[in-house]
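A, B, C and D label the chains in the order they appear, each numbered from 1.
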Amino acid sequence: MFNKILIANRGEIAIRIIRTCRDIGVKSIAIYSEADRTALHVRRADEAYCVGPPPSIESYLNPEAILAAAKKSGAEAVHPGYGFLSENADFARQCAQAGLTFIGPEPEVIEKMSDKTVARRIMIKNGIPVIPGAAGEAGSLEDAGKVSLDIGFPVMLKAASGGGGKGIRIVRREQTFNDAFQAVRREAYASFADSRIFVEKYFDSPRHIEVQIFADQQGHVIHLYERECSIQRRYQKVVEECPSPCMDEELRSRMTAAAIQAAKSVNYTGAGTVEFLVDKERNFYFLEMNTRIQVEHSITEMVTGIDLVKEQIFIAAGRPLSIRQEDIACNGSAIECRIYAEDPKNSYLPAPGPVKKITMPQGPGIRVDCGVFTGWDVSRYYDPLIAKIAAWGRSRYEARRRMLRALDECMIFGVKTNLGLHKQILNDDNFKAGEISTGFIEDRVNPCRDEEIDDHDLAIITALCARLHRPTGKCEKTVQSGHDHSDLWRMASKYQFWATRF
Amino acid sequence: MFNKILIANRGEIAIRIIRTCRDIGVKSIAIYSEADRTALHVRRADEAYCVGPPPSIESYLNPEAILAAAKKSGAEAVHPGYGFLSENADFARQCAQAGLTFIGPEPEVIEKMSDKTVARRIMIKNGIPVIPGAAGEAGSLEDAGKVSLDIGFPVMLKAASGGGGKGIRIVRREQTFNDAFQAVRREAYASFADSRIFVEKYFDSPRHIEVQIFADQQGHVIHLYERECSIQRRYQKVVEECPSPCMDEELRSRMTAAAIQAAKSVNYTGAGTVEFLVDKERNFYFLEMNTRIQVEHSITEMVTGIDLVKEQIFIAAGRPLSIRQEDIACNGSAIECRIYAEDPKNSYLPAPGPVKKITMPQGPGIRVDCGVFTGWDVSRYYDPLIAKIAAWGRSRYEARRRMLRALDECMIFGVKTNLGLHKQILNDDNFKAGEISTGFIEDRVNPCRDEEIDDHDLAIITALCARLHRPTGKCEKTVQSGHDHSDLWRMASKYQFWATRF
Amino acid sequence: MEIKAMVKNRLYPVTYGMEGEKIRITIEDRTYLVDAVCPADGFFSLLINGRCHDAAIEGGDNSYTVLVQGRADQVDFHDPRKRRPTDDLKRSIKEGRQSIHAPMAGQLIRLLVQPGDLVEDGQGLVVLEAMKMENELKSQGVGKVKKIFVTTGDVVKPGQELLIIE
Amino acid sequence: MEIKAMVKNRLYPVTYGMEGEKIRITIEDRTYLVDAVCPADGFFSLLINGRCHDAAIEGGDNSYTVLVQGRADQVDFHDPRKRRPTDDLKRSIKEGRQSIHAPMAGQLIRLLVQPGDLVEDGQGLVVLEAMKMENELKSQGVGKVKKIFVTTGDVVKPGQELLIIE
């Protein structure tokens, strides 16, 4: 096993990985940009090294600086987390060349799966259903138009290197096709320096369901059930569930078999996620494979009891999987809400700024993975994820109720967040019934709803109380002032039973 | 079902009950003494009513004030939590007379079980093993002495109404018997106005193991496995585990059967705990039955997935148990550490005072039930429990490692706590091996151990940094000062990928 | 005592006075008997007719941001006893007027309005490309575009004023 | 720069100086190059030779309570440049002397020492009945009982001085 692991990431996922390192007795090495010197992941790590200025490209995306930190610290392995360099085959190769174990699949596997055309070809060859569309990228406007007519509108245009909602357009009618194609090509080139474009069939109100898989170096491949990730805004997940409320044993066995087949077809190792689109007729289509830990892995941990990061590390160290397929139960139901510093009323724009006060929920069934603290300044340089809140219950109903309770306990002051949005989602009748799709937020949620509430009396009362509050800095606790303590004590001493027999 | 439940308690258990009320859509009514107006349980409740001055006897032990609050609020049921009036049969009766459902067993059952002589007699009649000793209280010094000689020294003298370590003496030799008997009689009378005394066989290094049971009004009685509660200081539990590391299926089936028999023998309803002493030869003896929710119920919740407070409420409302015995799995392992404001170096004396800073642990496998917040003043009037931290793992090893990680994350500044003691316990070789007994802390733990560490360099460095720190009130974040933000942004904008495909 | 409170461009008349250890507060025609204590710096616990409300607050003097029942609101007071009430009012009015700032650094890729245009609540004003996304900034109320400080193609800093609506 | 730090009755000579953005600190003969920042009020994050330490701190001027690596320590400074160094020293010495206070309200049921007695570290001094438990208060060091302010049977308040050991 490794003695030291460098975590090539920041925020909640870096802290998540540090926690497992602690649990298994491995020293954790954090890296940080100059904007992150006081970040929580640095404060919680065993060691930390600066890897450059605030922009990611100069720090968290800078392989040379990261490998130098790894060398300096004596780390033997690198955990890339999600985002940043986690799906960068070159970085995985550079790690290997530097004698470091990259905690993830082989570089060639990462490469195959990050190229959507290649991945698609592999899936077709292995009998895994893919979305009808051009088998490769649509080279020219004419080719793309022809494919679209073949598969029928609506179609979706997608930049080959895109993701996270960038470089995507839905075209519903032939007439608007040309303009949309040009726009995506421009955006794709500007964002990814890659103007290749896919054309695929577009589905109205599909579900987005992914299967968690694990493969060890000994050739065992298992699945850890699925996650329902349909609740998205701007193509980014905000609420995830495990298991999916639409799943039955028949569909699950077909989807998990396809996911395991996908992993086997590329000799996959480590943790991976196979994303599927599921249409209204319960047909499923391969979307992509993520060759790293997912943001939403915690809900799988809650229902299976398995520490996914621990398995990742052990597999990378050459150990076989600690669990067999038949030993993995899907116990109860878990929901995750991603709490972002963002402004749902203003196109979900990131809302960086100082976190003046923050209270995270606690209690039965609640897990919190928070990346910030009171006084932290949410940076405009990075993903504005503040925390992940996960709730477990014996049933989906119990998990949902517990999540609502947790969201009510959650208090974040100073930055705008999507907390109110989450409450709307979890209270929605369609969500309650499990009738969700990727169009859910657009169809069912009004980010400006609380603007409609015009009862401001409590706010006025609070502000007035603050104004009247003695500005001595000391809070008034009127209650204790009138008593003679020693007398009270003697009285209490005679009768009080509080310490008895708990 | 009830619409409103009054919670006749304070601190973490009141908050715990409020959480379940939220989950099941029941309004929670808090009560508070004048010392608790700003307490967390008041802030988290739907409604709150003052029940009197700080001493418990005038507030949390004051049935009239509590019933008046219940009437005013329109509550239909009363949840007593643990401690205070939770095992007070008169209070349960007064609730019934006021038309309120007392969430707990019938007053007669509480009465029988709170009288140790009566409880002992019932157990003997039902074939449940009890500790060798006087069948009833030892009336006179002579009687007691005779019993002691019969069962053989060492013996234990216990006040009939005692508990929580009060009114207890161990007598190892005949010569010291007389003095000890007189002392216990004095203490018992002064503390409980009840000078009746038990004499029983004393066991060296026994285990304290309890079985959680549940019984509904329809006559179903089930068990929810056992909890190992041997780690105690001054007869008060500090670390609990579920399941017990010493358990095997044979012993478990005998102990749970005895616990169920104990419950059936008194027509028990609701949640109850049957406490047993287990000697080195794995014989077990009935100690007492607690007719209420236990402090340590959360670890049972973690391994069974069942919300015990929810079951309590549903049973009190007349519903049958939501689970059958065969559906209850003992999944993994859970450990709880009770974090007290106390001074382990000074006889574990309560250490009330202001909590200047507090950080509670988070992350995989951790559950926190905290009763305080930054700025709260731990009151000398009540139990100094600050928080319960529970850790779950697939194995006892994983749970223990996670707990150690959680304890490291836990930071409490301002009051003395037993955090360091917990770290010692969980790192102890005997604890690791599961070889524990009620003598563990006395035998294996040195509360003054960190006094022996004489490396103060980090403390000096920190203090010096604080002294050198510019007293402008603003923290220095040197890193961002040297850059032109807009330039950095443009650079970042071209390359940064952080929002891509999480 | 009398005071005026401004929330979301609406002015509320407020009267208040102590009643024992509680405060009697009347907002418009609604009266509340409030038991308010401060559990920790920047927090208030309100008990109104038995009901608990936990609130967080920042600010001072006459301008506060309050977080209660999961909603953040800006509350500004205008004290009629003050010598220069116009100062407070001016500020309040300024709060009503919209000054559109760039929420993030980015590039302005489209202007959707011109000076003098009447805008509706929610109407798009400018499109800012930031974080590789095109983001439309919207009007938070009705008004008239008074001034525009930027043109298409400008790279703007976070917080930079883009336009004013009155 | 030179200064003296007192922790647990031991005086440490400390020298320090800036080295770039870091501080070079020498305690006795041990030298540390410290990168210290303040993530939030009352917290410090120290990086020493790559190693992270998160510390919480209270206090000011020359007297601090520090919580680091799970242990709380009192650190007092004596600055030799100061005009009246004796003030600091006096305080430090006072820290060495033990003033035994009642940790809780309760009744004094036994006195285990008399004025003039020599006491060992950990030796019991008085027995206080509080919370229905008999609690022995112990000496935290060696010394001589200088003064006793209470007698058996007294009801004491929390924080009340009971005796002095020097």
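Simple rule for what comes next: a residue touches a chain if its C-beta (ideal position, glycine included) is under 8 Å from a C-beta of that chain, and two chains touch if they have at least 3 such contacts.
Everything numeric in this text was worked out from a predicted model, so none of it was measured.
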**Report entry** Chain labels contacting chain A and also chain D
**Finding:** B
Query - Farthest-lying chain, centroid of Cα atoms versus that of chain A - result: D
Query raised in the report: Whole-Å distance, chain A centre to chain C centre, using C-alpha means?
Result: 32
Query raised in the report: For chain C and chain D, what's the span in angstrom between their mean Cα positions?
Result: 48
Query - Overlap residues in chain B, where contacts from two or more other chains coincide - result: 37-38, 44, 166, 373, 375, 380, 408, 475, 477, 489, 499
Query raised in the report: Going by the touch rule set out above, which residues of chain D reach two or more other chains?
Result: 37-41, 43, 105, 130-132, 158
Query raised in the report: What topology does the chain touch graph have (line, ring, star, complete, other)?
Result: other
Query raised in the report: Which part of chain B faces chain D closely enough to touch in the complex?
Result: 165-166, 191, 234, 343, 346-347, 349-352, 356-357, 380, 408, 411, 413-414, 416, 419-420, 423, 448, 450, 453-454, 456-469, 475-478
Requested in this report: Name, in rising order, each residue of chain B that touches chain A in their complex.
Outcome: 15-16, 19-20, 22-25, 34-35, 37-38, 44, 53-58, 60-61, 82-84, 87, 162-164, 166, 236-237, 290, 294-295, 298, 301, 305-307, 331-332, 359-360, 362-370, 373, 375, 377, 380-383, 392, 394, 398, 401-402, 404-405, 408-409, 475, 477, 479-480, 483, 488-489, 491-492, 494-502
**Report entry** Complex contacts: residues of chain C adjacent to chain B
**Finding:** 35, 37-41, 43, 45, 47, 50-52, 54, 105-107, 130-132, 155, 157-158
Query raised in the report: In the complex of these two chains, what residues of chain B are touching chain C?
Result: 30, 37-40, 42-49, 72-73, 373-376, 485-486, 489-490, 493, 499
Query raised in the report: Okay, in this complex, where on chain C does chain A touch?
Result: 3, 5, 7-8, 10, 12, 14, 16, 21, 23, 25, 27, 30, 32, 34, 36-44, 46, 48, 53, 55-60, 62, 64-73, 75, 77, 103-105, 122, 130-133, 135-138, 158
